[in-house]
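Below are two complexes that have chain A in common, paired first with chain B and then with chain C.
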Partner chain A sequence: MWRRSLLAGLLGAVVACGPAAAAFDRAAIAAQACGGAAGMTDAANAMAAGLVDASADDAKWTVALAGAAIDRGLKCGPGGAMIVRSEGAVNAVTLSPVDGGGGTSPLLSLKNRPLFETVRAAATLRSGATADERGAALAALERRAGSLPPEFFEKAAETEADAGLKARILGVGQAALLNSPDMPKRIAAIEHIAATSDRRALTRVDGLKSDPAYRTDPAFRGAVDEGVASIGRWLALSNALNVFYNGLSFASILFMASAGLAIIFGLMGVINLAQGEFIMIGAYVAYAVQETLRAVAPSLIDWYLIAAIPVVFVVTAGIGVAVEATIVRRLYTRPLMTLLATWAVSLLLVNLMRVAVGTQNLQFVTPWYISGGRLLMGDFIVTWNRLFAIVFAAVTLALTWFVLKRTPLGLNIRAVTQNRAMAGCVGIATRRVDMMAFGLGSGLAGLAGLALCPIYNVNPQMGSNFIVDSFMVVVLGGVGTLAGTAIASLGVGQINVLIEPLYGAVAAKVIVLLMIIAFLQWRPEGLYAVKGRRK
Partner chain B sequence: MIAPKKAYLARALDDRVFSGVAAATLLAFAAVALWPGLSGYRVNIVGQLACFALLAVALDLIWGYAGILSLGHGLFFAIGGYVAGMHLLEQSVATTGITPDIVQFMGWTALPNWWGPLGSFSIALLAAVAVSFAASFAFGWVSFRSRVGGVYFAIITQALVYVAMLLMFRNDTGFGGNNGMTGFQTIFGVPFQTPGVAEGLALASLGALGLTLVGCRLLMIGRFGRLLVATRDDETRLRSLGYETLRLKLAVWCLSAVIAAIAGLLYVPQVGIINPRVLSPELSLEIAVWCAIGGRGRLAGAVIGAVVVNAIKFSLSATLPELWPFVLSALVILVALIFPNGLLDIGRWRPAMLTRPGALQPKDAPS
Partner chain C sequence: MSKFDRRTFLRTTGAAAASAILPLAAPPLIRSSRAAGTVKLGCLFSSSGTMANLEGRMNFVAKMAAEEINAAGGVNGSTIEVVTSDPASDWPLYAQVGRQMLSETKVAALFGCWTSVSRKSVLPVVEQNNGLLFYPLHFEGDENSKNVVYVNSPPASSVLPAVDYLMSPDGVEAKRFFMVGSDYVWPRTINKQLKGYWKTKGIEESAWKEEYVPFSFSNFQTIVNQIRAFADAPGGKLVVVLTVVGSSIPDFMREFANQGISSSDVPVLGLDMVEADLEGLDTQKLVGHLNCWAYLQQAKGEANQKFLKSWADYVGKTKAPFRPDVAIDPMVSTYDAVHLWAMAAKKAGSFDVPEVRQAFAGLSFDCPSGYKIGMTAENNYVSRGVFIGSVNASQGFDVLWQSEGTPKPVPMSQYG
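And then the complex of A and B:
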C-alpha cells in the first residue's frame, strides 16, 4: 500500500519537474544531493529527467553518484560533495581526486532509496559495458518503470546494440507508457501488454480498472476491458492446455502400469496384484543403475535413465517370469486364489525392499534433458520431465503393439487369448506363452517405474498409489486390446486431472469410480469387449 | 430326498469340523462367562477374535458359497464401526458430560445434531443394519444386474473400499477424518473400566458369532444354500432352469454385508477407536486371506482361518512386528499352492501332492 502511494507521489514529482530539468547540470545535482532529504529527492528526480537526453558520459557519472549515495560513499564536506572509494576520494562533480578529509555521509531515507536505485539502474542501462549488465539493470527497472519519464525507454532502445535487449527495453517502455499522461499512448501500451497474455499482464491491465481514467474516459475503459478479456481468453486456453498436458502425462504412466495387467488378464484371466510392486522395482533398478554409473562412469550419470531401460525391463520381466513359474502357473483354474497369491507376493516384495533399502524416498539426479521446460503460450509450460514420460509411453505403446501384432510371440499371445484350448491343439505351447506374456507385462510395469522416477516419490509403498487406478483402467478398457487400455488410460487420466482442481483429488477418485460403475452398466466387459457369448 | 424337519438341526451338526468350531465357540463363551482367572487382556483378545471370525463368516457366505470374492468387506465393517463410534460418543456425552476430543479437532462446538438419535442403542443397531444393507444393495444391484463377477467384481470392490478410505481420511467428510473417533467413556451408561464390561463385550461377540454360525449353517444346508452353490458352479444352467440368480446373489451379498457391519459394531467398543485405516484395501484383503487360509465354503474354515491368522498376528505384534508381513505372505502362498482349500484340507495332504499341484482341489471348492 505505502509502496503504491509512494510511486504515485514519485510520478507526480517526475512529471512536474520533467520538462524543467532537461539539461544535465552535474554541479547543481551534486549540490542538491548534499541538501538533506528533500534535496536528495530533487537530485534523483533531476537525474531521472536528465537521463532521457544524457550522453554516455553523463550516464556513467550518474551511475557513480547514485551508487555512492546508495552505498554511503557520498560525503558532503566543506569543499562540496565527494565520492569516497577504496582507492581514494574524488570530487563528485569532476570525478578528479581530492583530499577526502572531513564531511559527513548523508543517509538515504526510505523514500529516497528506491529513487536512487531506479536512477542507478536507468543510468546503467544507458552506459553498461556488457549486454548482461544492461539486461540486469533493465530487469531491476521493470517494476519501477513508471517512475522514469516515458521517453526514456525509447531513447535507450535507440542506442541499444543488442537486438533482444532492445525488444525488451521497448516492452518495458510500453509498460511504463501505461502511466503516461498521453491517452493514445496509454491505450497503445495496454494493447501491447495484452499481447503477451500471461498472469502478470492480466494483473497489470486489470489493475488499471482502479485508475481514475477508467471511470471518466470511455476509450480508455474500452481498451482496458478489451485487454482484460483478450488476456483472459488466452489464459483460459493455456490453462486448458496445461490440464490436458498433465492429464496426458498421468495417462502415460497409467497406460504403462496397466498395459501389462490387461495383457495378462486377457490371456490368463488373472489380475496381478503385484503389478504395483513391479513398478516400484523398476524405479529401484533405475536407481541402482544411476548409482552404478555414479561409481563407474560419473561423466555419464545424466544418461542413467536411458541406460536403465534395458536393465529395468530385463530385471522386472525376470522377476515376473519367476513369479509365474513358481506361483501363478500352479493356480490356473483358480483366478481368485491367484489374486490373493499375487497380493502375498506384493506384500513380500514391499517388505523385502523396506528391509533391504529402507523406507526413505530415493534421491534421483535430474538429467539436463528432462529439467526445465518451455513456455509455449500464456501460462502453458511444456515441462521436459512430463514430456519424457509421454514420449516414453508412446514409444512403449508402439513397441508393444509391434510385439503383439508383428512377432511370433504376439501371434501366440493373441491366439491363446482368443481360444486357449484350440491354440493348444494346434501346437502352441500355451504355458510357455503365458510365461513370456507374464514377463512382458511385468517388464512394462518396470518401465512405468522408470518413467515415474523423475516425476514422483520413489519408496517401497509407491506401487499402491497406482494400482487401484490401473485396475480401473483395465476394467474400463476391456481385456486383450492395447487400444482399449490406451483409451481408458487417457480417459481416467484426463478425468482425474480435470476434476482434481475443481473438487479435490479425493472427489476425482470418487467420481471416476462412480463413472466406471455406471459405465459397466452399459458395457459390462469394457470398452473393447471381445465379441462372443457372454460367460 | 428332503430330510424330515426334525433332523434339520441335527443335519447342521453333521459336519464334524463345523460341530467342533461351534463347540469351541460355546466353550469360549463358557470360559469367559465362568472362569474368573482369565485376565482382562485375554478376554479382550478373545472378543476381538470373535469379531474377526464373524467378519470372516460374512465373507465366506459370499465367497465360499456364492463364489463372489469381495475385496471390500472392510467397508461394511467400517459402517458398523463408525455407527458404534457415534453411538458411544453420544452415550458418553450424555452420561458423563465430558466433551470428546473429536469436537475439538473437528472445530465443532458439540457433536452434530443428527448424531443425537444414535445415542439410543436400538436406533444405532438399526442404523448400522440399514446403512450397510442399503449400501450393499445399491452396489450389489448395479454390479450383479450387469453380471459383473469374478475378478472384475473383486477389483471394483477393492476400488470401492479404497475410495471410501480416501473420503474418510478427509476432515470435511465429518467423521473425525484421519483421527477417527476415540475417547469413549461409557457403554450403556457404565464406564469402560468397570470390571465385567470387557467380559460382557466378549460374550456379546461370541454369542453373535455362535448364533450367526448356526443360523448361516441352517440357511446354507437348506434350499437357499444349495441354490447358491449351484449359482457358483454353473450360473448359466441355473438361469436356464428358470432361477433368477440376481435375487440369490443379492440376498446373500446383503446378508453378508449386514453381518460384517454387526462385526464392526461389536469390534469398536472393544478396541476403543475407529479410524479410516479399517477401510484400507489391505485389511479387506486380509479378510479374504483368513477365509482362504481356513478354507472356504464351510463356515468353520472361516472361523479357523480368522482365529489362527489373528492369533499369530497378535503374538507376533507383541514380539516381532516386522516379521508379520513375511509370515503372512508365506502363509498365503503356502496355502494357495499346497492346500487349495485351506487348512481344512490338512488331513488329506500327502507328500506326493507337491509334484502334482491342484491334486487337492476338492470337487465342491469354489475357484
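And then the complex of A and C:
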C-alpha cells in the first residue's frame, strides 16, 4: 500500500517541481531530513525524484545521507545536520569535517525506513564503484521498482558501463512499466514479471484481470493468462520443493539428535536420559572453541564451527566414557536403574552449567556461510544454516555407518550387541567395547549440539527439547539399527511438515505421535528389526 | 588389600552425588528462615525450565527493591526478607509452591508468574487463602480478582494502541495480519480480542491468518514460508503479530531473517519480545521489528538512570548470572510492585491483606519508565504508560513511539 501512496507522492513531487526537480538541493534535503517523520518522508521523496537526473557526485552524497539515516549516523544538532562516522563527524551538506558534538539522531519510522532503503539502493546503482556493488543495489531495487520514477531505470542504464548489468537494469525498468499507456510495453512488462514466478508476481499479473484492457485487448488478455498459468506452474513446483526442503531440514535435526541415542539405547539398551545434556555440552564446547579463537586467532573466528568438530567430539565422548565408567557400568543388568541414574546425571549437568555459565542464551558469531539464504526458484528458499545441518547430518550418518560396519570397533560393538556372552567367550573385551560405544554415542550427541547451534538457542535447558523426539525416532526406526533411525527421521520430518500447513503445528505433533503409536501396534519392533538373538 | 573396596566407594560416591544433586533438583525448594522483626515476601519465578532465562532475573530484582526499602528503614519497623522458589516452568507447581508460601512460610504478599497459564494456576490459591499476588506482565485482561494486583497493562492499554499505531498513516497503514502464537490462554485471548477489534474497524476476516505452535517450538520454517506467501498476496500491507513465548521468540526471528524478510517488507510486532530474547541473535537483519511494553530500557528520565545503575551494581555485587546492562519491562514492573506494596503497607500501618488492599487507592510511584504510575479504588490495576520499541543493531530497542500519559486500564475487553 505504501508503494502506491509513495508513487502518488513522487508523481506529485515531480509534477509540482517540474523541470526544477533536476536541481538537487542538498541543503534543503538535509534540513528536511532533520524535520521529524514527515520531513524525512519529504526528504526521501525529494531524493528519489532528484536521482533521475542527478550527477554521480549527487548520487554519492545521497548514498551517504540515506545510509546515515538508516544506520542512525545522522545527527541533528543546533548547527544543522551532521553525519557521524567512525572517523569523525562531517557536515551533512558539504561532507566536510565538523566538530560533532550534541544533537539527536532521528529514528526512522516504519514508513520511512523502506523509502530510505530504496533511495540508498537507487543512488548506489547510479554511483557504486564496482559492478558487484551496483548489481546488489539493483537486486534490492527489483522488488520495489514501482516506487521509483519510471524514467529512472532508463537513465541508469544509459550511464551503466557493464553490459550485463545494463540489460538487467533495462529489464527491471520494463517491469516497472506495467501500467504504462503503451500496450507493447505493458505486455513486455508482464512477460518480464512472469519470468520471476514468485507469489508477488502472481499477485501483480493476476490483478491485471480486472484491468479494462483485459476485456478489450486479446493480446493483453493472452499475455496475462499465459503469465498467470506459467507462474502458477512454477509456484506449485517451488512449493513442493519448499515442503521437501523443510522436511529434510527437520529430519536432519531429528537424526542428529537421535544418532547418538541409536547407539546408546539402540545397540546397548541403556535408557540414557542425559542424552539431551550431551547435546547441550557439545554446543557449550563449540562456544568455548569460538571464544578461544576470538582470543588467539580473531581472523579465523568465522571457522569456529569447523574447528570445533574434533574438540566437541573428543570432549563429549570423554564425558560419556566417564559417565559410563562411574555410573552406567554398574547398572547394565538393571535397565530401569539406568533410567533414574542418567536422569540424575542430566539434572546435575544442567544445574552445573547454570551455576557455572548462567541461564542466558549464548552469543554465537554467525559466520557468513550460515547466514541468510538464497531464493533459488519462485518462492523456494534455501537457508544456509539449515543446509549446514543437513550436510552435517549426512556426513555424520556416513561416518557412523562406516565406523559400525567397516572397522574392528564396529564389528566388536555389533558382536557384543547381538550376543554379549558369546562375544565375551571369543575374547572380546565387552567392558571396553561398552565404554567405547557409549563414548561414540555421546560424541555423536555432542556433534549434534555443534550442528544445532546456528539453528537453536543454546542454554542449559536446551537438551530437554530433544529427548522425547529422539527416543521416538529411535524406537520407530527399530532399536539397534542406524539405517532405521535415519529413515524414521526422514519419515517423521516429512510427515510433520506436510501436516503442519493443513492443521497447524500443535495438531501436527499430535497426529504424528498417533501415527507412531498405531505403527508400533502393528510392528512393535519398529521399521527395521535386528535379526538374530538379543540378550 | 585396602579397606576402600568397591562397595564403600559406591556408597560414598553415591551419597556424595545424592547430596550434590538433591539441593539443586528438589523442585519446590524454599529457602526460608523465621526471624523476629522481619516481614516475608515470596517470589514465584522459575530458575529452571523454558522460562528460566526470563523469570530468573526477577528474583534478583525483587531482592534489590527490598534492599532499597530496608536501607531506607524498612516498613512499619520491620525489614523485608524476600523468599525465592523454583516452580521449574511447570504451571501446576506454581500453585503448589504458592500455597506453601502463603500457609507455611506466611509471606505477606506473592510476586510472580510470567505466563498467564501460571497466573491462572495460582489464582484459586491466592483467592482461597486471601493472599495477594503482584503480577508483573502485560497480559490478556478479562480478569479482575481482588487478590491479584495487575502491575502491568491489559490489552486495551498496551496491545491495542500499538496495533492502532501500525494501522495509522504514521505507522505502515497495516491492512492484513498474520498471528503466530504459542498455544495457550494469553495468545488465544489476545488474538480473539484483536479479531474483534479489527471487525469493528471494518477489516474482513480474509485479511488475517492465525497459527499456534506448542511451547518451546522451534521449527518455524513452514510458518515463515506461509507468512512470505501471505505477504505477497494482494490486499495491502501485512504485519505479523507474534505472541509466541520463551525460546520460540529468538527461533522465530532467526528463521524470519534467514528467509530474507526485513522489517520494511513485513514488520513483526513481538508482544512478548524483550531485550533478553535478542541475546545471541544477529540483530543487524532484524532492525525495525517492534515490541510494545510499559517500559523500555531507553526510556528518558532520572528514575530510569537510577534504576539501571542500581541493577548494574546489584548484579556486580551478587554475581547474579544475568547481564548487568539489560533491563526489561517485567523487571521494572516487579521493582514497582515491591515498592507499591511497601507504600501500601506503610500507609495501612499493617501487613494484613485487607488493610493493605484498602491502602492501594491513590498510591502513585515514580516508575523508571518516566511515568507516574498510580492505582485507584476502582480495581487492582496499575495505570502505566505505553511504549513501542523498534529493534536496533545492538540487540536493544529504540523508543519509536510513547503515549502522552498513562491511559486508564480497562480490565474487561469489549472486543469478544
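In this section, the second predicted complex is superposed on the first by the 340 of 535 C-alpha atoms of A that agree within 3 Å, B and C clash if a C-alpha of one lies under 4 Å from a C-alpha of the other, contacts with A are read in each partner's own complex, and residues count from 1 in each chain.
Keep in mind that, in the parts below, a residue touches a chain if its C-beta (ideal position, glycine included) is under 8 Å from a C-beta of that chain, and two chains touch if they have at least 3 such contacts.
Everything quoted here is computed from the prediction, not taken from an experiment.
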Touched partner set for A:506, first chain B, second chain C, both or neither: both
Which superposed partner A:475 touches (first chain B, second chain C, both, neither): first
Which of chain B and chain C A:335 touches, first, second, both or neither: first
Partner chain in contact with A:270 - chain B first, chain C second, else both or neither: first
Touching partner for A:431 - first (chain B), second (chain C), both, neither: neither
Touching partner for A:85 - first (chain B), second (chain C), both, neither: neither
Chain B versus chain C as contact partner of A:109, first or second or both or neither: second
Chain B versus chain C as contact partner of A:185, first or second or both or neither: neither
First (chain B), second (chain C), both or neither touched by A:520: first
Chain A residues touched - chain C or chain B, whichever exceeds: C
Touching both chain B and chain C, residues of chain A: 330, 344, 347-348, 350-351, 355, 504-506, 509
Residues on chain A engaged by chain B in the complex (per definition of touch): 265, 269-271, 327, 330-341, 343-345, 347-348, 350-351, 355, 464, 468, 471-472, 474-475, 504-506, 509-510, 513, 516-518, 520-521, 524, 534
Chain B - residues contacting chain A, complex: 63, 69, 71, 139, 142-143, 145-148, 150-152, 154-156, 158-160, 162-163, 166-167, 169-170, 281, 285, 288-289, 292, 322, 325-326, 328-333, 336-337, 340, 357-358, 361, 366-367
Chain C - residues contacting chain A, complex: 10, 13, 17, 20-21, 24-25, 47-50, 52-53, 56, 166, 169-173, 175, 183, 211-214, 216-219, 221-223, 225-226, 228-229, 232-234, 236-237, 247, 250-251, 254-255, 257-260, 263-265, 267, 276, 279-280, 282, 285, 288, 290, 321-323, 390, 392-393, 398-400
Chain C partner contacts - residues on chain A that touch it in the complex: 1-2, 5, 37, 71-72, 107-111, 113-114, 117, 143, 198-200, 202-203, 206-207, 242-243, 245-246, 249-250, 253, 326, 330, 344, 347-348, 350-351, 354-355, 357-364, 366, 371-373, 375, 379, 381, 383-386, 455-462, 465, 496-497, 500-501, 504-506, 509
